[in-house]
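Next up: some structures, all given as structure tokens.
Next come two complexes built around chain A: one with chain B, the other with chain C.
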Partner chain A sequence: MTDRRRVLGPADAVPFTLDNIKPTEVEQKSLDIGSIFVKTGVVENANGSAYLELDDIKIVAIVHGPRPMRGLFTTSAILNVDTKFLPVSLCDIESKSAVVSSTQLTQYIRSASTTQSSSLQKNVSSYVHTSLLPSILVEKYPKSTIDVSISVLSSSNNTKTTVAAAVSCAGAALADSGLECTDIVTAGSVLLDENKATVSPSRAPTSEIDGVVSYMAASKKIVGMWIEGGNVSEKQMEEIFDKTEEMAREIRGVMHGVLLEQ
Partner chain B sequence: MIPGFVTPGILISLVVDRDGNKFYPGIGTAVRVVEGSEAKVAGKSQAKAIVATATGKVVLSERQESAEHNDKSRDTKGSCYTVNIVKKTKGDDSSSTTPTTSHVSPSASSGLPKVGDYILARVSKLTSKQANVEILVVEGQGGVGQDAGLGLNGNENGIHSNPLSNAGSLVEGAIRSDLGEGFGGIIRSIDVRATERDKVKMELCFKPGDIVRAQVISLGDGANYYLSTAKNELGVLFARSKIGELMYATDWQTMACPVTGLTEERKCASPYKQEVKAEVKEEAK
Partner chain C sequence: MPFSPAEIDYLRKSLQATPTIRPDAREPNQFRPVDAAQNFLPATNGSARIRTSDGGECIVGVKAKVVKNSSVDELIAVEVDIDDIRDDSPLPKLLSAVLQTLILSSIDTNRLRLTRSNYAFKLHIDALVLSHTSFPLNLVSLAIFLALKCTRLPLLVSSANDEEHEEVPVFSDDWEESLALCGGEILANNSGSEAISWTPPLVFSLAVVGNNILVDPTHEEESVSDLGLIMGWCNGQVCAPLRIIDLASAGGNVSPEQLSQQQSMLEQGIDLNMKGTSRKLIMKAYSLLTNTAPEVVAALDATADEEDGALF
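Let's turn to the complex of A and B:
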């Protein structure tokens, strides 16, 4: 029997030892967006789950639902998104190598997780919520909730790329869950320099424009965007859309293959 | 070209394809308006198309009646199909590019009960006015609310796979339904049977732990679906006697224990009704 009121750890969890790590088939594609690995159905006691790696980024997304909702009657499902940046995921590589002792590291993690993460987690949750909602046929699930929880195990120095990966990972988990969706949501991120656009950037922006745009690639719809860094001209906007759509399509292609293979 | 396997968002076919075949959305599919190159096949700028909303195998099942209906109204040479998406099984070759044609009704995975659906539920609480139940299965669709603890993709080892299986284990059955974490339902005393509705005594119709077949009459309030057993084929399917043995129905309001021979009162579901219907239908054909 499992306690169904709260999300417990996976039923098939095993203690971590280095022996039981086996190399698995890696879906790797060499693109300008970096190498990507997606695996769905990673958590057994969830309706749907996905694990995504994009360069340094490692994200797990879990979908529970439809779950009965007590209280008010609703004609369609309510989507909840919860994002957690694991404390370690917020240390960038430089500061990790700078701290020597474990107490220093613990202190660093503690300060990082209290200051940055809480507002960041909220922003990412609300962005993922905005992106996913149009794809789910919520009217098919009255009186229920759909809970998506995203754990960022390791993040990139560029927040937008991390967010793009979180959206794509959650999209894959939704597709894996069997909940009816009109499309798989994937996202692309871009960093606009004076004269160059970098897709899936891995460095933090200084004064440049950077953004993430979510797509329902098969139905050619934009479902969310988050662009920061000053005034964006029309030409720059087009550039952002072109590059992010290309990346979103690329990821969508990988997801299609992965979902049908498993 | 209809794909053999799809993920959400993939276009399966136009509603009316080039050869005049008609397609209807079934389980795991929806209708969407497409534009541009996808619609060009139909010779229009916009066309209605069937798109997938689930991951799995495309199964086409022919629709006989509507084909005849169409022949009368319009001169169409094509046939009619309902497009369903079925969960992929192990033996399927996902590289296959042709859809499966089958007349077997596919089973969807996470469907919630709708008004009119037949469901199987376990009685969790009994009062003189109503019986509270927990909905386990929607007939023809599979389990409901086996979410946390058992996903649709879950491996059922160690977790209840079949929600009805613990009709066989008394203790577990009791615990599970007492949790009340699933989708709940209420059978009011006036919805128990079709006749003498005012004289229903709930304690002579159900007991906690019974497995009941019922029909959804309303989505109800936030907490419960409203159910009815006011039909011959609806009522208690499985019940345990005082000593814990599974009982069998002797008539519509009596069940007997095979060991002690003692009888208990229940509002029994007639297990025969449907089969008789099916036989009559076959004879008519």
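Let's turn to the complex of A and C:
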């Protein structure tokens, strides 16, 4: 690692193009978390990075740090998380295919990126921050910052699944960075219908409960929780924890495989 | 205000003890005494002010506006403003988002409908936190509860049926005839269904210290907590949003001195960093809230009844 002070663009960057978008409706099985692909070390000039695909979701997380901090003396590292939803990732697929001309598309993207994303980005950043912080041994890095930046290239219709993927991807990037950690953070999402629970849901909730819970699977700790959507009974709470833990474990398993290979 | 290592150690150890010892000798499920007033803003449909013993103060005004052709999601707008903190910083954003989703999910929007297809009331709930030392969520939530409790909407005198021809809503001039937003009558009038009264939702912040859960944590308790839990309460049940937040840094508003102070604690082996929680503790918080929240609601209802009729 040579230059720790600046973030340079990757040398092998290619422009992102949009083609062959078709809306698809697939009936989701309740215990199927979808197909996952994880690759670490995708960005050369970062300390750690990971790319994660979970069905339609595509996320890149980059970790820079420990980087020296100016002006302020602290005896342990400060974690900063910055999340960016690429404008294209926010438009849902149906409306994307309805937009015909390229100027229309640009306008659509612009409006989508200003209205919805800013508060969502802040919410997701603070959630990821809360989830990751307990896993890092920040005391080992005085006078420095650890910067995690997450780019959501493509998101699912369900925000909680996207958030779960973002946490897991950032967890993998941290593991790749070689920073001292106590555990790897992974997360699971769930949507509770009246009678069934869908793990890693891909549709947006109407009035059902949906949530994401982050775990440090090895030490069996919950490090983040974000549940929305009406009354939650004690049984439903248990179910949310059961299902999300299952998904978090499964992602953790995939991650172990990827990390051991390297 | 940063604490010395000795203070932090003392606080942490006494809060972790079984049974927990809080600096102000409260029970784990006991709130600080609050001072409440309702209906003191004549220009609003409902208002409330809450003060706590640590000097925290919050005022809330609810204003209703007639809107045309709006979607159901837009009928409630919660705006939390905190003195000394920028509007777009994370803390007020978080509070507004949490309270807005909570109120929207608990209210039957038929209460706000005026005509069947076009017109409805939109409630603007504006909270202003004048001063606070601890995480202001409890304060704002209690004040909004009381303000909604005393909110009254003018009586509609024109026809509610506008499916065939356009109808502009006309209201009775007599404020004596206005209907309480939370009463059953308004729902019966608007939707023809049964008269069910509504209890506004509440949201609590709880601090987790070791194996203990504390409601209504003070600033001292927050700064040594492992983490904070946000839990909603509506219609006699725990409800979403359920979130884990970092109370020790209260939404990312720590001053640099405070931060370096906390870091120096770490050096001396005093563990301040939040290290996650277990499922058992979250379920413990859940049952604690199930036992405590009804009492809080009852206490607030009693305050609301006492104050009733104080309008203008």
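Note that in this section the second predicted complex is superposed on the first by the 235 of 262 C-alpha atoms of A that agree within 3 Å, B and C clash if a C-alpha of one lies under 4 Å from a C-alpha of the other, contacts with A are read in each partner's own complex, and residues count from 1 in each chain.
We take it that a residue touches a chain if its C-beta (ideal position, glycine included) is under 8 Å from a C-beta of that chain, and two chains touch if they have at least 3 such contacts.
Since the model is a prediction, treat every value here as computed from it, not as a measurement.
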Fit-or-clash call for chain B and chain C when the two complexes are aligned on chain A: fit
Between chain B and chain C, more extensive residue contact with chain A: B
Contacts of A:P66 with chain B and chain C, given as first, second, both or neither: first
Partner chain(s) touched by A:K122 [first = chain B, second = chain C, both, neither]: second
Which superposed partner A:T74 touches (first chain B, second chain C, both, neither): both
Touching partner for A:S219 - first (chain B), second (chain C), both, neither: both
First (chain B), second (chain C), both or neither touched by A:V232: second
Chain B versus chain C as contact partner of A:L133, first or second or both or neither: second
A:L153 touches, of chain B and chain C: first, second, both or neither? neither
Partner chain in contact with A:A204 - chain B first, chain C second, else both or neither: neither
Least Cα gap, in Å, left between chain B and chain C after the two complexes are fitted on chain A: 10
Footprint overlap on chain A, comparing chain B with chain C: 72-74, 142, 216, 219
Interface residues, chain B side, partner chain A - complex: 5, 7-11, 28, 30, 32, 51, 53-55, 87-88, 94, 109-112, 145, 147-155, 158-159, 172, 175-176, 179, 181-184, 219-223
Residue ranges of chain C touching chain A (in the complex, touch as defined): 90, 93-94, 97, 101, 105, 227, 229, 234-235, 237-246, 251-252, 256, 259-260, 263-264, 266-267, 273-279, 282-283, 286-287
Chain B partner contacts - residues on chain A that touch it in the complex: 1-8, 11-12, 41, 43-49, 64-74, 135, 137, 140-144, 175-184, 216-219, 255-256, 259-261
Chain C-touching residues of chain A, taken from the complex the two chains share: 72-76, 78, 119, 122-123, 126, 129-130, 133-134, 138-139, 142, 207, 209, 211, 216, 219-234, 237-238, 241
